[in-house]
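Naming follows writing order (A, B and C), and every chain is counted from residue 1.
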């Protein structure tokens, strides 16, 4: 399909009723993408206080605080603060190797998410171009001619008033129970419970093993933390022995429970 | 406008029309005289007939319309009996129920209650004569409001809408449903 | 049945359809093989296009339908005032792209990619009929999973999801990646 230059404006005015520096951003990635790709601003140079001031002034002008908008802004600000903090960290010389690797990992993760976000934004624009081209044609939806309608089977044959009532009740049932929305929080990919189960299977065969070894190959710091929490859980249940000869020394783990252990209920750690 | 462009524009409009289109309206849309439109349409109708296609352009009920060729009725009738229009889907029944209990109600309100677009289903129900436009929303947007027809009552063996089975007490009453709709922002069209 | 009668029968049926007609159904109605029907329809589509009439026969959303020729949109749009759906916002388009390419996908997954809550946008897309619930995640939580609808295909003029442009086409090039890396301080200048 050959597409003309996109016809739809890139920016629009969404439900978020405030403007920060004349532009409204749809989420932290939107803001980051804008800063990096269009302004070519070094994150180092962004003045957080400037954005905050503009936001507060706008809230004051509105007189009412929109909870959704405020939350969204907080997410954006938090992401920026996090990034700025990273930039403020001491240079590589002062950071130990694990910390540095973790930092690189997180940067890579952020980079990957930015790329993913940009990919789908561009895909969305392509869909709009397709819809724009397809929208130039209108479908024939005329349906049956009057004399054919008489031929058509009676759609209501066999439908009783009770069926109708049941259909109404089905249609008006609330579709989603009310809940507090935590969708903007990054999902925990592995639960402590899952890892406890996994370790209870794998540890008995391994004898004594270092924590470093247990966590090698894990993608994110979060996964490492989850694994650590799982070990503490097993320790609490008396199924493993933990040994650390010196502060910051190598942590070793040894299975002391029976070969197949009956696991107690694991506390759920909420993300 | 050249004759050939005018012919193509007429064909395009008649192809998407659901009802016969008044030549007067066609003349306005194309900024031509009604006489010229009649002439072009008559021309087109003759061409289509001579071409021996599966459909004809006919003048009917005060307007022009494309319709299936009568000598292909056996195939079209099979389609009527076995095709898209032969079944009442669960979605259509739900939509009909919402119109029945909530009338008068706009398309947007029905869509909001069902959580999905209801345009195609509403059109089918209207075409089959079970629902019809009964007025306009007095609010901004003046949305067309729908209600059920006499045919609907007949088919269900009901004397009047008052004979619809009552919704039990424990189900969401109209206030709850309205609150639900407001929550969804249905009121604006 | 002769080819010419089959062609005329196909045209007649498509003239009274409300939505794209599955070639499988056409094959049953005409008692022809599906392959033969596909061939005849493709033939007809090519003929209509070559004839330069005001409409086209196209394959979309898994079926065949007549539609007005895109270059006559200015005239047709004067006629079809209703049903002009409002343009989707950038946020809605991005969300729609995520659902289209990652389906089946949960709200939480969409939110994780976009970095913001996607509930309102997803609800809008669902009300517009572009996406729908298509199942439940078998994992814990049993999250509702979303996919795109037939209407989505129709609105985009696609025959099936396989006709979506490959996602790889939109992955940012090396320059963009470098700019991101610089922005995040990964790459020293």
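We adopt the following convention: contacts are C-beta pairs under 8 Å (C-beta built on N, C-alpha and C of every residue); 3 or more make two chains touch, one makes a residue touch a chain.
Computed from a predicted structure; not experimentally measured.
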Quiz prompt | Most centrally placed chain - per-chain CA mean versus overall CA mean | solution = C
Exercise. Among all other chains, pick the one whose mean CA position is farthest from the mean CA position of subunit A.
Key: B
Quiz prompt | Gap in Å, rounded to a whole number, between the CA centres of subunit C and subunit A | solution = 26
Self-check item: Whole-Å gap separating subunit A and subunit B, where each centre is the average of the chain's CA atoms
Solution: 42
Exercise. Quick one: report the Å distance separating subunit B from subunit C, using the average Cα coordinate of each chain.
Key: 23
Exercise. Give me the residues of subunit A that touch two or more other chains.
Key: 138-145, 148
Quiz item: So which stretches of subunit B touch two or more other chains?
Solution: 12, 15-17, 66-68, 76, 80, 85, 115, 120, 123-124
Quiz prompt | Residues of subunit A that touch subunit B when the two form their complex | solution = 138-145, 148-149, 151-157, 159-165, 167-172, 174-175
Exercise. Using the touch definition up top, name the residues of subunit C that touch subunit A in the complex.
Key: 14-20, 55-56, 58, 60, 65-71, 73, 76, 80, 87-91, 93-98, 100-101, 107-109, 111-120, 140, 154-158, 165, 167, 169-172, 176-177, 179-186
Quiz item: So in the complex, which bits of subunit A are touching subunit C?
Solution: 1, 8, 10-12, 14-15, 26-30, 32, 35-37, 40-44, 68, 71-72, 75, 79, 83, 86-87, 104, 107-108, 110-111, 113-128, 130-131, 133-145, 148, 181, 183-184, 186-187, 191
Practice problem: Enumerate the contact residues on subunit C facing subunit B in the complex. | Solution: 7-19, 21, 25, 28-30, 52-55, 66-69, 72, 75-76, 78-80, 83, 123, 126-129, 132, 151
